[in-house]
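The data blocks that follow each hold one structure.
Next come two complexes built around subunit A: one with subunit B, the other with subunit C.
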Partner chain A sequence: MRLKDLYRTDIYDERRGPSFSPLILFVVTLSYIVTVVSFGRYETFRLFPLASYPIFIGSFTRVSFRDLFRKMLPVLPFIIFIGILNPFFDTARTEYLGIVISKGWISFFSLILKFMLIVPASLIMVAATGFDGLCRTAASVGLPDVLVTQLFLLHRYIRLLVEETHNIVRARVFRGGKITVANAGNVCGPLLLRCISRSERIHSALECRGFDGQLYHSSALSKRVPAGELIFALCWIVFFTVVRMLDISRIIGDMIVGCVI
Partner chain B sequence: MCNLKVFEIENICYSYPDGTKALKEISFSVNEGEILGIAGANGSGKSTLLMLMMGCLSPLGGNIVYEGDKLCKEKLRGMRRETGLLFQDPDDQLFLPTVWEDVAFGPRNLGLNEEEVSSRVKGALSDAGIEALADKAPWKLSGGEKTLAALAGLFAMRPKTLLLDEPTSGLDPKSRRELINVIAGTKITAVIATHDLDMVMDLCHRVIIMKNGTIVSDGEVPGVLTNRKFMESCGLEIPLSLTNRFS
Partner chain C sequence: MVVIIFKRKELMKMHMADALVSPAVGSVFWAAGAYLTLKSSAALKKSDDRGMTALMGVLAAFVFASQMINFSIPGTGSSGHIGGGLLLAILLGPERAFLSMVSILAVQALFFADGGLLALGCNIFNMGFFPCFIAYPFIYKKISDRLEGTKGIFWGAVIASIASLLMGAFFVVVQTVFSGITSLPADIFLLLMLPIHFAIGAVEGFATAMVIIYVYSKMPEVLSLSKDKPGSGDMKRAVVFFTLLAVVTGGLFAWYASSSPDGLEWSIERVAGTAELESPQSFLHSLSSFIQDRFAPLPDYSFRSETPSENMGTTVSGLVGSIITMTLALALGMFFRKRKGRQ
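Take a look at the complex of A and B:
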């Protein structure tokens, strides 16, 4: 991944309309993840109907699928690395759609598919609510202030670290310098000092505006959820339950086969 | 302007941890309703002085008196409720995901209810002329917009005093003029550390000139800024608006 891509954290930072209550989106996404994970490693086809959720919610919240793909791409090799040994160890054969295939390959594809479903759903949740929205949700459901504030500050300081790294790398590269293992210390040392210095200034600025360690005050946290969003959440949770209980893919397949015959 | 002293700085000294002496026995006062300019070459101690006044740094000697009380840890919170500091780099100040949230940060820390917070934010954005930027991410704004957003964050706290560190640095002429108009429109006590002597001419009632951590002049704006030799000895020039008149 290029530094430029790492720097593009903005998909998490700006909320897009139409906005969802972060709490609702969090609950639905959590239910979705639990549903996806609950499927066995050989139940690959049963996962397909669940693809409708990230597609729907991504389109509805206008999150760029291209950006999502760019975010997922760097992690994909690790998932492949985890799953690629399955075909070698799980060599039992089974028939799938008339093709004889080892169960290892099925579990491998199942793993990739689960990754392709869970990661975009999570990224969409963060992108649609904003990281701030998530922290607000965490605070409103009763997570300790200290933890929520730390989470938010961590997110803010990651941006700061990326910005400072970007500046240092650019300053060196523009003057013909290269960053190698040998001179990495010369880059990391100043980077650390610059980050500390800037963090101190940011902290001073926060203190000057009355910051006392609590970022989300109870007066600013709304626990009311609009009825429409509640219905939205219920519909999706019912859908996930139906997909979990019934083999939708098989039912649709049987219906098509029945019609053809 | 009245003679009630908001800040009294008494023999303040400050050295940085590396031993650099930033301020050497500085004394002056800021009257209520006054706009005080602090000018000086780079490294003369202007920003350090503002940081000390706001309690971000602790003086190594001397006292800072705010509204008659010596500034100590217990008084700091009260002073910060009534005083706003605009940092030199607005990126240090803009912290939250949207301009609206950032402007609301101060009022929420004051413990106000959401209706009052909302009303203050709207007022502050309107005063700073940036209502249209309310939903934007602060880091996507231009330099001038960032400064105005940071200033709106201070306005929302309804401060009695503003401490502004290089507010016009890096701004184009239009943004600079907008900012000057915004500050002029506030009618509150302000201390402005700047190199922009034309802004000092436009806004300030009094000016302090600093050199190597000491005050070398404290007086009425025209009297101080028109002395070319003195200004050049302090690493400054007379304001551009006076150049033709005095050349």
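Take a look at the complex of A and C:
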């Protein structure tokens, strides 16, 4: 985990405001994820039209596809580990594109495809709405104040502590010291104690500013959702339903191939 | 093989991804996670100790940062880091540690693609519930109360860490197999996951113990912060309920896994409720049949063959259709972006 990974897809700019209402984008993203995972493990081709959503929303919000891919790469090995054993245990054969292939490979590709569809969708959601916006929306729909405050604080302090940790590790390596499990206490312990004393200072600072248990203002919550965004959500949810029920790529493909031939 | 997997530690982390869970499994664990979160928040609201708020936030960030430090394990060539859930539970008490873990897992899912939105409930259950509500109060506390000083901390942390990782890994298998994603028989999957997580748990427990012992020697009062936390009766009931549920699910799963690994897949399809999704509504079905009959260049294939095999014609049509849909989406995205830019 590297610090630059945290901000790699961050396009949200507080001065500009979010490109989308967080609630709308959250609802659409969640329905998208549910639609993708509801497909069976052998339905690889029917998943392709669903790539339209991340492609559309990614090009609309200008999230770099390269950054998205870089964020996905470190997580991919775990998915491959789970999926790669499918071909060994599911050896029933079937014909695909004129090639005889085991069904295990089809389910493996469908798993990888699902991962490649879902992960960009949720990363783009955060990039387009901003973490603060998402937290505020979550608070307005009933997420407890304690957790919302916790999320705000965590998001603010990650950067600080990650930088501090980098310095500790660098200092240790420069002095030629190897970090082993036996000296875990000496490496992490001082950092932990510093964190605790820092939290005391933060608490005093919060109290001085009249902290009453929440870090956000409820006035910001009463925003109306523009009609355009409602139409946007509705269109996509209808699209997901249609793709789930009909083999849309085949229908369009048949129409085109039919016209050409 | 186990050695190779252990060396590539990222393969064996416990985060469930969205692609690995079915909607049914995802929503069941979302409900469990949401219930525990609400109960924990209610318990904290009652205690009304705002002094701990900043500590929770900063310690969660500490766990995040400290997991970047990988300690090498002499003689093995592998590495490990400190276990987050248990460390937080020791420093903050179970409810606060649980909420901190929820926040860490949410940030990991949203920023690092580690986990996912739908799988968040599963991850909260595997990596939040077990270390905070089971391993800490029933293992770590009991051992550290019985054995005085650093010995108690050491053995408590190591055993609690191993136990929480084993429980978490067991539930990763349960969730993956119930989601019907893998063809791997459940018993082999368990045999792969449990020994590796036993080893990871021992390393994480050791590293966590070292950190706690360091804190204990320098600032012992920090460890007493979590000791005087009020335990709410509601929370205890919730924990007992979920523990029983986990035991029953695990027991049923183990019985299934040992008796009929193939039968399990059959049961997953029933649990996942894909049956009703498989059959499209009659109007849409007839509409699409009409379109297909009208335009299909290869007329003798049915709308949806029951077998998953797809012949050449179908695949070509599918590919052409997919490419057109995706190109259209890209064009629309760019068009709307330009329009918005002009406004």
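To be clear about the criterion, the second predicted complex is superposed on the first by the 217 of 261 C-alpha atoms of A that agree within 3 Å, B and C clash if a C-alpha of one lies under 4 Å from a C-alpha of the other, contacts with A are read in each partner's own complex, and residues count from 1 in each chain.
Note that contacts are C-beta pairs under 8 Å (C-beta built on N, C-alpha and C of every residue); 3 or more make two chains touch, one makes a residue touch a chain.
This is a predicted model, so every value here is computed, not measured.
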| item | value |
| --- | --- |
| Which superposed partner A:177 touches (first subunit B, second subunit C, both, neither) | neither |
| Which superposed partner A:164 touches (first subunit B, second subunit C, both, neither) | second |
| First, second, both or neither for A:209, with subunit B first and subunit C second | first |
| Contacts of A:198 with subunit B and subunit C, given as first, second, both or neither | both |
| Subunit A residues touched by each partner, larger count belonging to subunit B or subunit C | C |
| Partner chain in contact with A:131 - subunit B first, subunit C second, else both or neither | both |
| Partner chain in contact with A:226 - subunit B first, subunit C second, else both or neither | neither |
| First (subunit B), second (subunit C), both or neither touched by A:62 | second |
| Subunit C-contacting residues of subunit A that also contact subunit B | 131, 156, 198, 202, 206, 211 |
| Residues of subunit A touching subunit B in the complex | 10, 13-15, 130-132, 156, 159, 198, 201-202, 204-212, 217, 219-220 |
| Residues on subunit B engaged by subunit A in the complex (per definition of touch) | 51, 54, 56, 77, 80-81, 84-85, 87, 89, 92-93, 95-98, 101, 104-106, 108-114, 117, 135, 137, 139-140, 153-154, 157 |
| Footprint of subunit A on subunit C - complex, ascending | 5, 8, 10-13, 15, 17-23, 26, 37-38, 41-42, 44-45, 50-51, 53-62, 64-74, 80, 82, 99-100, 102-104, 106-107, 109-114, 116-118, 176, 179-185, 203, 206-207, 210-211, 213-215, 218-219, 222, 274, 277-278, 280-281, 284, 288, 291-292, 294-297, 303-304, 307-312, 314-322, 324-326, 328-330, 332-334, 336-337, 340 |
